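Every chain is named by a letter (A, B, C and D) in the order it is written, and numbering of its residues begins at 1.
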């Protein structure tokens, strides 16, 4: 309910405008002036509609989760942990966020990987821990709503030819951000055109996507890039 | 009390004088006619009185104060001409509302009745009115505001004859009921003269005559008769207007200051004496030349 | 009555004469209030100052008297005053002009008197 | 006939009412400007692109910024036109002098900008609501929370920006009316560089106001600038006769 308090300035300003306008136009010297009345009605109607919608916004939307702090807390620590974890391909660590997993079964001795767009950091590992081919998409475990909007990779396996195809990721992603207006941003010292406030100063590092392909020890892997 | 006082007033535009050394005093509560040819400086003088123009020299006082940028003057003066430009977004009835708000003496009933009588559409915009209608409306505004100083600059432009008559009658009737100082300018005197108390003639930016209308009508005398007889008796300096009627006959308007002796002399020589109509006299006095249009065609 | 703006007679004189005629015709009687300058102005569509000038002529001629704050009233014996003055001034002036014209046309006294008598006879016959 | 002795403030009050009656189009202009801004806002107000790895991320900001900027332009242009010759002529028919006219204009500007401010704020939410209605609430990320102090700041800063634009417009309008040559000069020296240069010379000006993050300083800067502009206007148009 506290959010609705923020509507108070609208209300105050409305009351102020109404008082000032009624004071200066008092002494109803033109009680039947249709044209002035019509102008006033149109203007009042316009303000009323806008105010009503603003109230609706505050009731329905304003309780949505708001991204408060766009800087990720102990990022350096997380990065160190993550570096270590993925060097050892240890995905079972709190610094790693697993996004997707695929498992493909195969009898082939030799498989090839096709990644036409080199969109991901690709790691291949021959390990005896798996009997089939296991593909994992993962990234650093930072809590940021943008992550949810990044589309999943699409990985498929063609059993006949032994191709693991990492299909074109959706390279173009639209994100809609509802944001404060310029007058508020100015006082908060935020410029719209620096993305730091949105993704953090080290955004690119922290949002990088990785794909780990684990194949059984005896399978030979050809990486194919087009 | 003198309501308007101008001392040696000059107004220069670029290199040309619109007013030059104009001195005039106008008394309160009269209808004063300001007569002059087009371009004589009537509008410049009236706008100076209304505080819309700053003179380049001399002194002007209206209600005892400098009129330019003067709130008191503005509240007690209305200036009406055919160029009045109202807000394009206001209809006639809205303009009336505004006028009522601004002018303390505004008479709504009078305005409404006149608007109805002259058939001005209350819901028109001012610039939609015909020229005559706009002039009529402006004149109504000037009347109904009942300002202590009401200035009409050529108010009847575009009005029909009957509307002009009605307007002058309305002006007189409202003046009788609410005496105030009214200045009416015109290049024509005849329709106006009966309601005037005083007349001011202006020529080339100078006030050349300021008289009561009755004195003005006796200001000059017309003589018609034998050329040689008249020329022998009448001093050349006092001739205001001269017109040849035939080879030997001539019509002359002169200053009405002939001595008894001259008058009897002229009468005995068969010279006819007539009064000079105010309208004609004003024309004679404000013309640049002493003769008339006939002189242009006279072969020399 | 309509004023003749083109006449050589000034308007205020015409006003004075009209008022005199009203008094002579008993439209306004002794001690009655006469038209104010404003009523006259309205009536004849002239400036009140012009009308006042007409009234003043009558005051100077002893036809009207002023009561402060009330207006102007017709004096006792105003009619006689008017008649006397018209006889002395207007009529005499006219006769003077008449005689001058007669002299110009070389009409002698006897003939002039005859002409006057004839006109009078004609007028009687009419009425 | 007795003279009336008007006092300045009653005349200012009347003149304001008169303007309120006669400039209906000012508010029509406001609505039209804001509606156009809102339509533009439907396509996103500003976007920036960046790459994460090889994902090309395009961020569309949904704000009321367009409405704000359009309203600033509106404030500027109505003020340029407020004291134009036609209006002075219309004023002059009734009771006025230059002081009362300027004061009435200032009162008009303040009240028009108050209405402008309230519509800027509410129209900003209108823009957001329309986006949400069209695309559904799940597709958005929300930055910035409108708290009570934030909203107060929104109102105050918007209002003073409008005042700034209005007072500059008022000054430029009065300078332009000094003569045809000066008008031409203003258009040439103000308009020309705006169109034909990269406007880098304006950056310090924008920074002076736009980078001020202290509310108090910001208000002080605007108030000083506005008072200076209006003072200059009265000085410039001091002996201006109506043509």
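Operating definition for what follows: a residue touches a chain if its C-beta (ideal position, glycine included) is under 8 Å from a C-beta of that chain, and two chains touch if they have at least 3 such contacts.
This one's a predicted model, so the numbers in the text were calculated from it and none came from an experiment.
Greatest centre-to-centre distance from subunit A is found for C, with centres as Cα means.
Relative to the centroid of all protein Cα atoms, the closest per-chain Cα centroid is that of D.
If you average the Cα atoms of subunit B and of subunit C, the two centres end up 32 Å apart.
One inter-chain figure worth recording: subunit A and subunit B are separated by 82 Å, centre to centre, where each centre is the mean of the chain's CA atoms.
Inter-chain spacing, taken between the CA centroids of subunit A and subunit D, is 35 Å. Between the Cα centres of subunit B and subunit D there is a gap of 48 Å. Each of residues 94, 97, 101 in subunit B touches at least two other chains. Residue positions of subunit C touching 2 or more other chains: there are none. Taken residue by residue, subunit A touches two or more other chains at 29-30, 33, 35-36, whereas all remaining positions touch fewer.
Considering their complex, residues 30-31, 168-169, 172-173, 175-176, 193-197, 212-214, 217-218, 274-275, 277 of subunit B touch subunit C. Residue ranges on subunit B touching subunit D, taken from their complex, read 29, 51-54, 63, 69-72, 74-76, 78-79, 84-90, 94, 97-99, 101-105, 141, 146, 148, 178-180. The part of subunit A that touches subunit D in the complex is made up of residues 3, 5-10, 13-14, 16-17, 20-21, 24-25, 29-30, 33, 35-36, 39, 42-43, 46-47, 49-51, 53-54, 56-58, 60-62, 64-68, 70, 117-121, 145-146, 149-151, 169-189, 192-193, 195, 197-199, 203-204, 207-209.
The touching residues of subunit C, when paired with subunit B in their complex, are 3, 5-6, 8, 10-12, 38, 41-42, 45-50, 53.
Residues 1-6, 8, 11, 14, 17-18, 21-25, 86-87, 89-90, 92-100, 239, 241-242 of subunit D are the ones that touch subunit B when the two sit in their complex.
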